[in-house]
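Several structures are given next for inspection.
Each of the next two complexes has chain A plus one more chain, namely chain B in the first and chain C in the second.
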Partner chain A sequence: MMRSLNLDGRIVCLALATVIALCMFAALFVGPTSLGLAATFKALFGVGDPVTQMIVQELRLPRLLLGVAVGFSLGVSGAALQGLLRNPLADPGVVGVSASAGLGAVIAIYFGVATGFQFAIPLMAMGGALMATLALFALASRDASVLTLILAGIGINAMAAALTSLAFNFAPNPFTLQDMVMWMLGSLQNRSFTDIGLAGPFMAVGWLLMLGVGQGLAALSLGEDAAQSLGIDLRRLRLKVVLGTALSVGAAVSVCGAIGFVGLVVPHLARYLIGFSPRHLLLPSGLLGGLMILLADLLTRLPIWHAELRLGVVTAVVGAPFFLYVVVRTRGAMR
Partner chain B sequence: MKLRAALIAASLFAPLKAFGSEALPSVVSLDYCADQYVLALGDAGQIKGLSRESRMPHSFYRDRAMGLPQTGASIEEILGIAPDVVVTTWGGGPRLFSHLRTQGIEVVRAPYEDSIAQVAANLTHVGAALDRVDRAQELADDLRLRQARLEAKPGLALTAAYLTPGGVTAGRGTTVDTTLRLAGFRTLGEEMALDGWPGFPLEQALRQPPDVFVTGFYDQPSAQEAHWSLARHASVRSLLQNHLRIDVPGRYLSCNGLFIVDAAELIRSQTDEALQREKEEAQ
Partner chain C sequence: MMGARSEIQIQNLSVRLGRAEILRDVSLCLRGGEVLGLIGPNGAGKSTLLRALLGLVDCEGVVTYDGAPLDEIPLGERARKVAYAPQGAPVHWPLTVETLVGLGRVPHQTPHQPMSAEDQAAVARVLEATDCAHLKDRAVLSLSGGERANVMLARAMAVEAPFLFADEPVASLDPYHQLSVMETLEQEAARGAGVVVVLHDIALALRFCDRLCVLNGGRVAYDGAAKDVPTELLESVYRVRVKPQGAETSSFVPWKRL
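Right, the complex of A and B next:
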């Protein structure tokens, strides 16, 4: 079993929030155009050259804020799902919630619903995420083995991928197909406050639902019977996690495409820092998720890539080996 | 001008003429870019199958494709038609081609290139296979003549940026970059040293906006710009509103090369008209 540093959760959260704030501030100065330190700083507060203000306030700032919000959503969802399913491999990406949210968004775009109703994509994405979370819960909650969860996740992922492929297959033309494929790879490039306005409220409601279930998840780690004997309403607990995951992951996917493995990696890092109690893992996981996306997005913006590097590709390159590592560590439980 | 009118009239009526098609080799095309060569050169009577995208909005000669048979690119379907010639740009594949050749069907490739010289070569090559050598020569000559006329015009001393609803721009080495230069512009690809089809460099464009935006594919029913891509960004909308915008239908840009001159003429004439309007308004 992985060791833990058993640090104080509040101090870790404070430190993470400070690091995120510093990284966001530093990232404001990174971009394809060199704006200068003083000009960027002044532009942040609406002073100076209007074009620099536009770049800082309408391009760089929303990108950073959205990145942290998306990472927070994926991190909290991963920790909440792992706690609810008592399974270290539960992650919105691994178990098909992100793919199903992506399917919902693709359906909204494919059938043109998105053209007439601006909330169609987030709502359809959240609908897809909700269906996947409910299916996962129905398939894997009774038998909490790692193997069952992974198999259920493979099934849900495969179904979402198959239906998304169907939409790709019948794409009206090659240009739309390319757009859809690139979008599914995940990106924060050129996102605006409009995107934050569309997805932010849904993500925030999802966070509120999930951040309040720490005590219930801690009790559930002792088993369902023990949790009930401690006065935990399991039905309510499940509902909060399922709805919270659907809202936050669905909203995140609707504006950034599918970004995998964040929800898998960060709860493990949080456990390493502060210990194994699910009660204290939610907020640090969210903050670590925000930091991870912030750093991954910064990597995509470095001027060393021949073509635009997609955020979902970076998180997958980091996350997939970590997934295998966790599989190796937990393989005893699969037998 | 008379020569131009005669060439246009010839290009409009020649493909519809069924006279003498009995003697011409029958043809099937495998993709919508190959369709364009076949529709430009072929006699309606000799066209036995076009791709299923030949009547889509991004097919340049979709009007000519109406009423003509369509087919898939499978061995079974093509052998069922038994054409003399199959034309392809990117459709089909090596297995299909070798099978067709063993059945005595000629496979003609019209490569996906962005130079007018290659387009002229494609016309000649496909024209010869379709036994439409004169027609191919006529079109190739017309292409070169119109290219020369555009090149003879004075440059516009303006920078143009290409933008699609998906947020893609055109860098150096692309057909669109060639088209914009042929229309008389300097291009964003040249000025920012962009190659291929990168995402639109929004930050750089805000710092140093191009003079003209040439937008492509905004006419397509699938352009979900409102909720899908970069094109919905407030800064992009602001750039488009505050600069001269020339909208080019996607059918002019969907196949490399064949419509470079048509697209360049369209862009140039619309730009000249817009600049003239601006001049008149300023006076």
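Right, the complex of A and C next:
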């Protein structure tokens, strides 16, 4: 039987928010250029050397903010999907949103539109996420049982993977191929406030849709019939979770590539801290996701790697073994 | 604790699932203060009838709750009128008993409202009434079948609705726990609730139910006092012969808990 510390959710959220703020502040001082404590601090408030100001305000700060927002999106979506599918192995990747967003971006790179129009990748990625969501609804909204939703997700994932492979296969030149592969690996490098401006609002709408479904997800742990008998409108609940996931994860993938396993791992950490009821897991999962991306990104920037370490690789290296661990732990404990 | 007793009127209820007609022209009245046993062979439409009344399957016909058409009552309000303990009663996360029973209070809460003092009191009350108070910190998945059945019933009772639907609450329970569940349902009816219970154990149904509704092939074969149900009818509906009373071999009929 899995254990939980059963801490108070509000205190955990407050503590996490504090840790994130401290980590962000500390991370401002980390980078390839050593800026010094006082200079960095001054630059943050628009005082001092203009180059230092540029590095802090336009390179380091947006990267940190975007990292937390992306992590929050992945964490909340993971918790919401695990609650909706009642499956501890669910993740935004499961319903095919991440892969489809990735496909959108790969198509943009493949046809070279990305070089002429800088928003091509984000827009195409969000388009891909939206297509995946619509396909998911077309396939799974009628009877909308959990099994149908998961099978539809598998199908959409397979489609996205197949078309992405096709793009790799016919890559016009090695540079395009490398572009596509590197993008698929996921990174927060060279992101600006422009990226935040484009993806941020979509992520925020997604969060708002998902943060209110805790009660419905809790009732759903008794099964669909019992949840409905408790007054939960299942159609609306599903719509909120799937649309919220599409918006926030689609937007997140669009600005920093495919970053896997965050949505899988953090709800389990949240359960360990707070308890198993899906009711109070959404906000802490989002905060834990933000913290996880923040730390993983910090790891990629440490000056110890001989080649550039991509963010998506770090989360996958941590996440994939955890996925197997969850499989082993939950086998038998849950049907 | 309840004022005027509520009533659910069902007129000519029919349910089709694809081509198959599951229920046909079912007319029935459910009243507060009585235990109605819904019996009949497998596939007779017992569970479907409950699910149709809860709005979980599409149906034709008229169902009114105290005169108001049930499908015009908003979902949240309906949830406060009818509590439902589904068959099999799945639990998908290792929740504690107290958390699980607390879910019965969802119809009384807004999405972001935590458990109120009233909710806590209701949970404590039903845990006491079902003899589950000592289990409140246990994980539901670690309970025995009998304990779990009582906890699931407590969850439905926590809604404190005028009607309580229980779909096979005593399936696969030992005699002791069968009686414990049936006695709890009996107490709920005594409190004024209208209890509808799907049963396969005829002896239990005859003993605990005030009224029986026998469904067969989607139609009502009998609706009346439990004590008056003709044995021949049960024999023909269930396609079995009942052992004559007073036969030499002893039959084991659970009658009382020790």
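FYI, the second predicted complex is superposed on the first by the 283 of 335 C-alpha atoms of A that agree within 3 Å, B and C clash if a C-alpha of one lies under 4 Å from a C-alpha of the other, contacts with A are read in each partner's own complex, and residues count from 1 in each chain.
In the analysis below, a residue touches a chain if its C-beta (ideal position, glycine included) is under 8 Å from a C-beta of that chain, and two chains touch if they have at least 3 such contacts.
Values in this document were obtained by computation on a predicted structure and should not be read as measured data.
*Asks:* Which partner chains sit in contact with A:54 here, chain B, chain C, both or neither? Use first/second/both/neither.
*Replies:* In the superposition, A:54 touches chain B alone.
*Asks:* Have a look at where A:184 lands relative to chain B and chain C in the superposition and call it first, second, both or neither.
*Replies:* The answer is neither, since A:184 touches no partner chain.
*Asks:* If you stack the two complexes on chain A, which partner ends up touching A:265: first (chain B), second (chain C), both, or neither?
*Replies:* neither
*Asks:* By the touch definition at the top of the document, which applies to A:212: first (chain B), second (chain C), both, or neither?
*Replies:* second
*Asks:* Quick check on the superposed pair: does A:231 touch chain B, chain C, both, or neither? Answer first, second, both or neither.
*Replies:* In the superposition, A:231 contacts chain C only.
*Asks:* Report for A:192: first if it touches chain B alone, second if chain C alone, otherwise both or neither.
*Replies:* The first partner, chain B, only.
*Asks:* Hey, what residues of chain A end up touching chain B and chain C alike?
*Replies:* none
*Asks:* Give every residue of chain B touching chain A within the complex, in rising order.
*Replies:* By the definition above, chain B touches chain A via 53, 56, 58, 164, 166-167, 196, 198-204, 206-207, 217, 220-222, 224, 226-230, 232-236, 250, 254.
*Asks:* What residues of chain A sit close enough to touch chain C in their complex?
*Replies:* Touch list, chain A to chain C: 1-2, 86, 212-216, 218-223, 225-226, 228-233, 275-278, 333-335.
*Asks:* Considering only the defined contacts, which chain C positions touch chain A in the complex?
*Replies:* The contact residues of chain C facing chain A are 51, 54-56, 75-80, 82-86, 89-96, 99-100, 103-104, 106-107, 109, 111-112, 139, 141-142, 155, 159.
*Asks:* Please name which positions on chain A make contact with chain B in the complex.
*Replies:* These residues of chain A touch chain B: 31-33, 51, 54-55, 58-59, 109, 112, 114-115, 118, 120-121, 171-173, 175-176, 178-179, 182-183, 189-190, 192, 194, 307-308.
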